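Should a chain be cited, it is by its letter among A, B, C and D, assigned in written order, with residues numbered from 1 in that chain.
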Amino acid sequence: MTKTRLEAFSDGVIAIIITIMVLELRVPHETSWEALRPLVPVLLTYLMSFVFLGIYWTNHHHMLHMVDRVNGAMLWANLHLLFWLSLTPFVTGWMGENKFVEVPTAAYGIVLLMAGIAYTILERTIIAFQGPHSKLRAAVGRDVKGYASLALYVTAIPVSFVEPRVAVGIYAATAALWLVPDPRIERRV
Amino acid sequence: MTKTRLEAFSDGVIAIIITIMVLELRVPHETSWEALRPLVPVLLTYLMSFVFLGIYWTNHHHMLHMVDRVNGAMLWANLHLLFWLSLTPFVTGWMGENKFVEVPTAAYGIVLLMAGIAYTILERTIIAFQGPHSKLRAAVGRDVKGYASLALYVTAIPVSFVEPRVAVGIYAATAALWLVPDPRIERRV
Amino acid sequence: MTKTRLEAFSDGVIAIIITIMVLELRVPHETSWEALRPLVPVLLTYLMSFVFLGIYWTNHHHMLHMVDRVNGAMLWANLHLLFWLSLTPFVTGWMGENKFVEVPTAAYGIVLLMAGIAYTILERTIIAFQGPHSKLRAAVGRDVKGYASLALYVTAIPVSFVEPRVAVGIYAATAALWLVPDPRIERRV
Amino acid sequence: MTKTRLEAFSDGVIAIIITIMVLELRVPHETSWEALRPLVPVLLTYLMSFVFLGIYWTNHHHMLHMVDRVNGAMLWANLHLLFWLSLTPFVTGWMGENKFVEVPTAAYGIVLLMAGIAYTILERTIIAFQGPHSKLRAAVGRDVKGYASLALYVTAIPVSFVEPRVAVGIYAATAALWLVPDPRIERRV
């Protein structure tokens, strides 16, 4: 089986998720700059989620470059990742509309963590399918950055209940870590 | 005619259906874990519908692997399937927001049944077009799993009026039956 | 220039239009079959618009089979068609929620007419670009069916103000006319 | 790396943005032509934004024709462009629902300006990656039209606070400037 439709479907779902998030930015009734002020945290959260989804898209793009054939397990590992990503607009809206308070900030981290785990499962599924000479394993190595991100999310979730703004800072730092596309794979390409 | 656009259009529609369902998960105004409790049945229904749509997508993906050329009847059989799938968000929202009561649970089953029938019609249309040496017929054989699913839906619909939670269990069991991609086709690929 | 992205973009836009229409089917708060009754005209209008968009998609699919190269005028003639199609959910909702009364029924016909004119303009633009040996002109000939549809819409619009249900019947009859994919082109393919 | 997924993802995002804008056209409860009157500015703004997004799509289409290989910086420059374009439905709704008053009209111009800057950054990123013999640089030359558009937006933003309708006129004039696809590139293709 070829990877064309897996890529096309994932592109479609991520494109829709990244775009419907903007629907949470409700058009205000007033027409002053003041009317935009309550939207600032919503806009900042939207920007952060846009960057996270952009990271998933570019990394997915890099990862699939290492894939020639696709099996059923990969289709479902990919759908599992898309499921968690599809919850991003919900937690983005919840955290953004409530200006980064405790529970919604923790919920945001939980969705990020689950998406990160799902990405790792997809990576492991591909490596298992490719066997001992896996191109992807050679490219990602021990995947330090991937596991570091999971550790950062695990840290940020309890921090949300004490200092939610620190947790948001950890999310932003994790995004910054990934903004550069993975040099290990780019080098090989 | 080639199948590229049929695949691309189906991928697009299924990607959108699977993603707009999440809009039913309305962002709560409160910020406690308690505020998420009424969303639990909505989230569970969303998960079940996500899995059903994932099944349709992967099976559609497998089925189209057996197709080389496309005719007008196939385009319309495919649109017919997409029509029933497009009603999924509506019945998902109705069943989920009302915590699995009678009529919405039956309506959910009716949409699943009609989508299952539409899938079978598409399968038969392809087999008829491919003629006596149909690759797809060789792959699906008597399609026991397909007809068993239709029988399960037909059973679950009346059950909804007596014990809606049992009907939901039947839907979940049917999904479980399909979670593994069709080995008959995978073997041939 | 190749036609790949023109097809992909059109598929994307039509897939989204056909799917967001279903958002007009608002989930009722009650859980009886009765609660669905006010949705019946909305569902029927949705079905009709789904069929119309399906017709545009399959005809667009057939037409692009006759196209090898794309120029700027074709890109814009295509965007013009997509603009009118994008108004379909609006008039579908307006007509469906008001049970086929005069003005919304006429507005529905106006959008159908404008989309039909836009399709004809796209067809003429392609034929002009292909020059004297245009494959598309050879396939569509005098395009009797296309012009007959425009005449039917022009008739139905004033009829909407007298007997809106007759106008709806004319729309349905026009759709029926097109349900079979164009044999002139299919023969040539 | 190939450009296929970059094109597919951009097509998907632009297709969704262009289509969800129409959701701002709320179905009126009345059924007279009068009921459409308050929607006229919303519809006109939608039309203008549709044209702007169409321009970005066709120019993106032309620009990517000059690209053979893609790197990580291009993926992110492209995501940056899509981010600003994704804010179009928000400012379109704000300006349209308030009939072109000062602040929303300026906000509309700011989003256009930022999208224009993002497009220029993407162009420069591609040219830098292609090196001294860049096909794209040869095609766009000094990009007079691109910089003229940025100058027009910079002019229109302060004008919005004095005569918002003049600012809207400047936006429309800028769109008119671009409606013809770039002859410099078309000639080379």
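The rule we apply is simple: contacts are C-beta pairs under 8 Å (C-beta built on N, C-alpha and C of every residue); 3 or more make two chains touch, one makes a residue touch a chain.
Computed from a predicted model, the values in this text were never measured in an experiment.
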Contact distance in steps, from chain B to chain C: 1
Rotation in the CA alignment of chain A with chain D, degrees, nearest 5: 90
Intercentroid distance (Cα basis), chain B paired with chain A, Å: 26
Centre-to-centre distance between chain C and chain A (centres being mean Cα positions), rounded to whole Å: 37
Shared-contact residues (touching 2 or more other chains) in chain B: 8, 12, 16, 20, 23
Chain D residues touching chain A - in the complex, by the definition given at the top: 1, 5, 8-9, 12-13, 16-17, 20, 23-24, 71-72, 75-76, 79, 82-83, 86-87, 89-90, 93-94, 97-98, 101-104, 107
Of all residues in chain B, those that touch chain A in their complex: 7-8, 11-12, 14-16, 18-20, 22-23, 25, 27-28, 31-33, 35-36, 47, 50, 54, 57-58, 61, 65, 179-181, 186, 189
